[in-house]
């Protein structure tokens, strides 16, 4: 049976990469939005 | 259900739900990975490379499921014109693209040892590729139209047109060529693969689904906040106009 | 580069990133064009790999050109073009900088994506490297020729298609030597460097001449 | 008090502009014909006339966007062999702003792009302060109203000092307060030896400005320059 670890590793590696990238992008966007919204918070409560 | 429909309540609900969902997703994925690597037997033909199936198949399902979520959100946008539906729609498109991309790449990595080439133009991989292109088109549409509500309506129409065409694409691609093994999981006679392989697959699929809903909720939250930021910025800019007019050009 | 041109280059990148996802639209169009060909020709990989370089080159040619019709349109609409004409920086250098920015945003990702897409056409590594190298050498000429077309059609209503019709005939030498060098990379009678050097020559000629033609076209608009 | 700009050396200061028998064609037709005017440093010229009389065409020709069919414009003094356009600001109907960028980014860009020989002008923040838009500097221009966009465009005049101001209907979309204040800024520019050529309907509050009526220009009849 040929050794497929390269293919398995790169498949799971790529999937992990995409998942981590998605999580990172969403959380970074969230933090940036909170920071920008903080500027308006004092003037205006979240309706 | 309508109580949660207004964005502020939704934010409160999301804040409570997201940690639980994330935890469940992590747990399911951990169990799935454990089963895949330590319990599930190798395939008599493909050997260990079958382990890629536990990634490839759930990713394909998620790509399709994500489109269904987007379609229902599109109906929400067009029928009830609800901002939450707009946000759900916009949040789903990149996730759908990500899952279909994972499906394509893992399919190619699985195909190399099995069929000897990185890519084969067979029916199912090609249909997923077309689905991936539809997702990219939607993301492009979202980025081009600035005004959120207008972008949502446009994307909703494109999504619904897409959902009508996906079965046609599926059929025509099948007709065009079929090399891929027939749908072994959902054969009419029930799953053909051994239970020992089926369980890890279903658990991985559950893990992916939970991951999707976690990310989707978080992305919807981002979308609501960014629309609020846009609205506040516009009103703040407008507020600058009348009372300071006197001090200009001094 | 003097600061005005550096400022222009920075501005072009910033605008592209904030609206329309940068050059991504060009790469997606390239991806779609390449994916559509097998539907027409059929899934047979041996055939596809033989005509792979041609498919990739035609797709690159079309996606580069069709992405260019907006090059000056936005500036013409919001009045920036008039101010460029008035600035002490020559319009030719402004055109060259905008082409460089457009090339970085559209052509570079395209050159990176071409080898990956070549895999779907069953091309082997030598051919993939050949396509990437020939695209790297040929796309500057495509962008600059397209800039001339964009200059001619800026402000016209149906500029996009007209621009392609004007410029596509002029790009035939680039296509011929581009595909020739890409195919020569995977063996064949013609050595790789012969068409490749001609391609580089075409690009250098375009860098030298096209900005003047495009600037003249912009000035001649007399909006 | 506005920041005092750096004074270019004596010879480089633009003393005067003289235009002889200008003719500008558009679409094969002479829109502007037989126009003459003389201007010295500190003077203003109001280009008047009904719509379509060629006010904008004349200004766009002076800015170098349209070629002169006949006649010529001579500069007296000013930077060596710099054309009128390179020593002029043009504020037309379009504001020259990229909606996706912030007001500060736009001004920063134009400051470097239009940097003339006359040294650096106000900083983008200073220019925005001068037009009363300091607090909206970091919002994308897309969020600003037409009046605010207009004032950001006018702020361009301050970030890169150029002696000649070519203004095409500068007062449109400006509220009364802004118009009054802009009149003061124009007076300050003229006091500093600047030239103002403005095509306008609304009164701009320019003190003892010369007038150039375009619809009074008949073929073969010299325009009344005084």
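The letters A, B, C and D name the chains in turn, as written, and every chain counts its residues from 1.
The rule is short, and it goes like this: contacts are C-beta pairs under 8 Å (C-beta built on N, C-alpha and C of every residue); 3 or more make two chains touch, one makes a residue touch a chain.
If you're wondering where the values come from, they're calculated on a predicted model, not measured in any experiment.
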By Cα-centroid distance to the whole-protein Cα centroid, the innermost chain is C
Larger contact count among B-C and A-B belongs to A-B
Chain-centre distance (mean CA atoms) for chain B and chain C, in whole Å, is 32
Taking each chain's mean CA coordinate, chain A and chain B are separated, in whole Å, by 14
Here the gap between chain C and chain D, centre to centre from mean Cα coordinates and rounded to Å, is 38
Cα centroid separation, chain B vs chain D, in Å, comes to 53
Contacts with two or more other chains occur in chain B at residues 146, 236
Two or more other chains are touched by the chain C residues 19
Among chain D residues, those touching two or more other chains are none
Chain pairs satisfying touch are A-B, B-C, B-D, C-D
The answer for chain B against chain C in the complex is residues 108, 117-122, 126, 129-130, 133, 136-137, 139-140, 143-144, 146, 176-177, 179
Given the complex, residues on chain D that touch chain C span 26, 60, 63-67, 82, 85-86, 88-90, 92-101, 105, 108-110, 112-117
Residue set of chain B touching chain A in the complex reads 8, 42, 47-49, 51-52, 55-56, 59, 94-95, 98, 101-102, 105-106, 109-110, 112-113, 211, 215, 218-219, 221-222, 225-226, 228-229, 232, 236
Note: in the complex, chain C contacts chain D through residues 3-4, 7-8, 11, 14-15, 18-19, 74, 77-80, 82-89, 222-223
Residue positions on chain B within touch of chain D in the complex are 146, 230, 233-234, 236-238, 240-242, 244-250
